[in-house]
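After this come two complexes, each holding chain A, first together with chain B and then together with chain C.
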Partner chain A sequence: MGRTLPLVLFAFGAGTFPYCVQRVFFSTPMERQMGTVQKIFYFHVPLAWIMMLMGVVCGIAAAIQLRRQSSRAEATAIAAAEIVLVAGLGVLITGPIWGHATWGKAWTWDARQVSTGLLWLIFAAYVLVRHYGAAGSERLAAALAIFGAIDVPIIYYAVKIWKTTHPDNNVVGTLPPEMWATLWPCLAALLAMSLGLMLTRIRQEVAEISLDEGWVRIDDVVRSMTAKDDGKDADKDDGKDADKDASKDEE
Partner chain B sequence: MPQPPAATTSLRSLARQTWLLARNDLRQEMRDFELVATAGFFTLVVLVMFGLSFSTLGRYAQPMAVPGILWLAVAFVGSLTLTRIFDREREADTLRALLAAPVHRLAIYLAKAGVTLAVLLGCCAILVPGLVLMFDAAAPFAERPLATFSLVFLGCAAYATIGTLFAAGLSTSGGKNVLLSVILYPLTSPALMFALVSTRTLLDGHPGFEGYLSQLVALDILQLVVSAWLFESVLVGTAGGSSRRKRSAGRRT
Partner chain C sequence: MNDATILLAAPTPGAGANEAAPAAGAGDYEKVEGRDRETIECQRACEAVAADKTASDYSHIVWAYGVIWALFCAYGIFLWRRSQRLADDISALNRKLERVR
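Here is the complex of A and B:
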């Protein structure tokens, strides 16, 4: 199950993705106002949803890691944060391309753009702290992930709270059925790939943690054995010295 | 005579402990003025550098530049302050003693956040009059002192609440201070952004100033609650498995 599930997810994603591309470009009608550039929507929106989902997963896993000392939760948080980085990069590349074509400007400092950019920066900081932080910095990284997860609802409600140029959340709900029929496979393919990657990374991280713990245990045993040997040698030396002193006294 | 409820007693005890710890820090600071002097001087240098860069800006550009100058200076001074805020405990190795003492952990957080806020407000006492002197567009700061104080207080509080949490974490993790900037700037950006927009509305005399200020209050409360909730876990740490892992990495190198 542990190894099979990621492979199944990768196989599903690899099989579905060409079908998605075919549907996006050949089977879905052209949007009247935006034209061809609207096709980016079928990749931009699923990536944004995956980014937000993984941000929440990372935050929850980090909270469990802090409270319950769970190495599996720690591994999940690391894996989810890396997926946030990858999916977020996709969102931050596809969004400005779409924005440039429709608004005439790639980056408008819109509330949703800014909050998405900040989320990506927070998770980039998380990955940096995990990689370069000293002993104990995993707690800091976990706190950072929790703050990152808090940013997710801010991204979602940004278009409602502030005046923005970004389309409203209801736009997706009002899509015609033929567009939904393309959006679902795109979401399924990208989500399957993301989950496959995440599960693989979790397995790697759990294995790394177990190896590290094993290494520490062996190191502790070796150290204690060396300390015992040193103690015995010292006792032997003391015994020899005592014998020498005794023979001197006899002489 | 009726006894006060347990919650009131523990709240009173928390407030007392917070005050005692903050007073102790401030008293030590008053002996050598190390933090205040370095942060104050740094504020002055940043102000002069911004003044040199933007003094030639026209009437219309100034109201857009002044909020940025104010909050960027606070961000720079804040990161300098936060790298030093736990230094006394780290250098004298007294943080362990403080954690072992019968003191509420939340009191340690609140005291440190209070001291950071006091230092930042001290720096703003140099920064705001300096901006008024250098830029005509900053005149509303002097005309509306109460609004300016509320704005500066809330902005600095937002920075201090979140910054103290991570400064505490780095002080116990034996971490590199460069990571504080890596963590601090993305996390404090929302607070600085809110403060920046509020400052712009104050300078423009926009009627929505109070609304932006209330959003800043909400953000302050959210950050304070989350930081206070996480403080003990970040400072003391309960993730035993993880520290073992880092320990092994440390031994290998």
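Here is the complex of A and C:
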């Protein structure tokens, strides 16, 4: 199951992707105001949803790891954070490309853009601390992940609280049925790919933690064996010295 | 639209430059429904703007979709290389275990 599920998800994502492209470019009507460039929406929005979902997953897993010291929760938090980085980078690149085409400016320092950028930076910091942090830095990393998860509702409500150039959250709810029918397969394909990658990364991290433990144990065994051998040698040497002393005394 | 009716003179064989043009409605003229030059130029300019926008939109879409799938592929390759490294590490650990035994 552990190995099969990611493969099933990858196969589903790879199979759905051509259907998504066919729907986006050939079956979905053109948006009247924005024209062709609106088609970025079908991948930009699902990526943003995935980024926020993984941010919350990472925050919860980091909190569990902080409380229970669970290696599985640790692996889940690291994998989810890396998916946040991948999906977040996708959102932060496709958003400005779309903004450049429709607003005439790629980055407007709008509240949603800034809070999304902040989320990405928090999870980048989390991944860096996990990678290069000294022993005991897991607590700092977990705090970062929880802080990042708190940023998710801020991203969602940013367009309601502040005046922004970014469209508000009602856009998705008011889509015509043909656009909905295209958005769902795109979300399914990207979510399947992200989950597949995340499960693979979790397996790798769990294996890496077990491997580290294995190396530590084997080093302990080797060290204790060497110490035993040294002890035996020392005993032999002591015995030889005692014999020598005894023979000297006899003389 | 500023449609206008223009009457175009059909060339008549043997008609000289100095000869007076035949009277309209005498059968030598053909009525053509068309547009004046200004309207046609304006329409072409609008079409050019629309074509430029479509081309620019397509280039934006290609970039956006390319970036998304490149990112996923790059992460997939990163994971694949990592799994190779892990497999090497596992076999090194197994070798050491055999030596210890």
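Simple rule for what comes next: the second predicted complex is superposed on the first by the 251 of 251 C-alpha atoms of A that agree within 3 Å, B and C clash if a C-alpha of one lies under 4 Å from a C-alpha of the other, contacts with A are read in each partner's own complex, and residues count from 1 in each chain.
Here is the rule we use: contacts are C-beta pairs under 8 Å (C-beta built on N, C-alpha and C of every residue); 3 or more make two chains touch, one makes a residue touch a chain.
A quick note: this is a predicted structure, and the numbers were derived from the prediction, not measured.
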Superposed partners chain B and chain C on chain A - clash or fit: fit
Chain B versus chain C as contact partner of A:Leu7, first or second or both or neither: neither
Contacts of A:Leu89 with chain B and chain C, given as first, second, both or neither: second
Degrees between the directions from chain A toward chain B and toward chain C, using C-alpha centres, nearest 10: 110
Which superposed partner A:Arg139 touches (first chain B, second chain C, both, neither): first
Partner chain(s) touched by A:Val129 [first = chain B, second = chain C, both, neither]: first
First, second, both or neither for A:Leu121, with chain B first and chain C second: first
Contacts of A:Trp215 with chain B and chain C, given as first, second, both or neither: both
Of chain C and chain B, partner touching more chain A residues: B
Chain B versus chain C as contact partner of A:Ala207, first or second or both or neither: second
Nearest-approach distance, in Å, of chain C Cα atoms to those of chain B in the combined model: 12
Residues of chain A that lie at the interface with chain B and also at the interface with chain C: 208, 215
In the complex with chain A, residue positions of chain C that touch it: 53-54, 56-58, 60-61, 63-65, 67-68, 71-72, 75-76, 79, 82-83, 86, 89-90, 93, 96-97, 100
Residues of chain A touching chain C in the complex: 35-37, 39-40, 43-44, 47, 82, 86, 89-90, 93-94, 97-98, 100-101, 193, 197, 200-201, 204, 207-208, 211, 214-215, 218, 221-222, 225
Touching residues (chain side chain B, partner chain A) in the complex: 162, 165-166, 169-170, 172-176, 179, 182-183, 185-187, 189-190, 193, 222, 226, 230, 233-234, 237-252
Chain B-touching residues of chain A, taken from the complex the two chains share: 65-71, 74, 114-115, 118, 121-122, 124-125, 128-129, 132-140, 142-144, 146-147, 150-151, 154, 208-209, 212-213, 215-216, 219
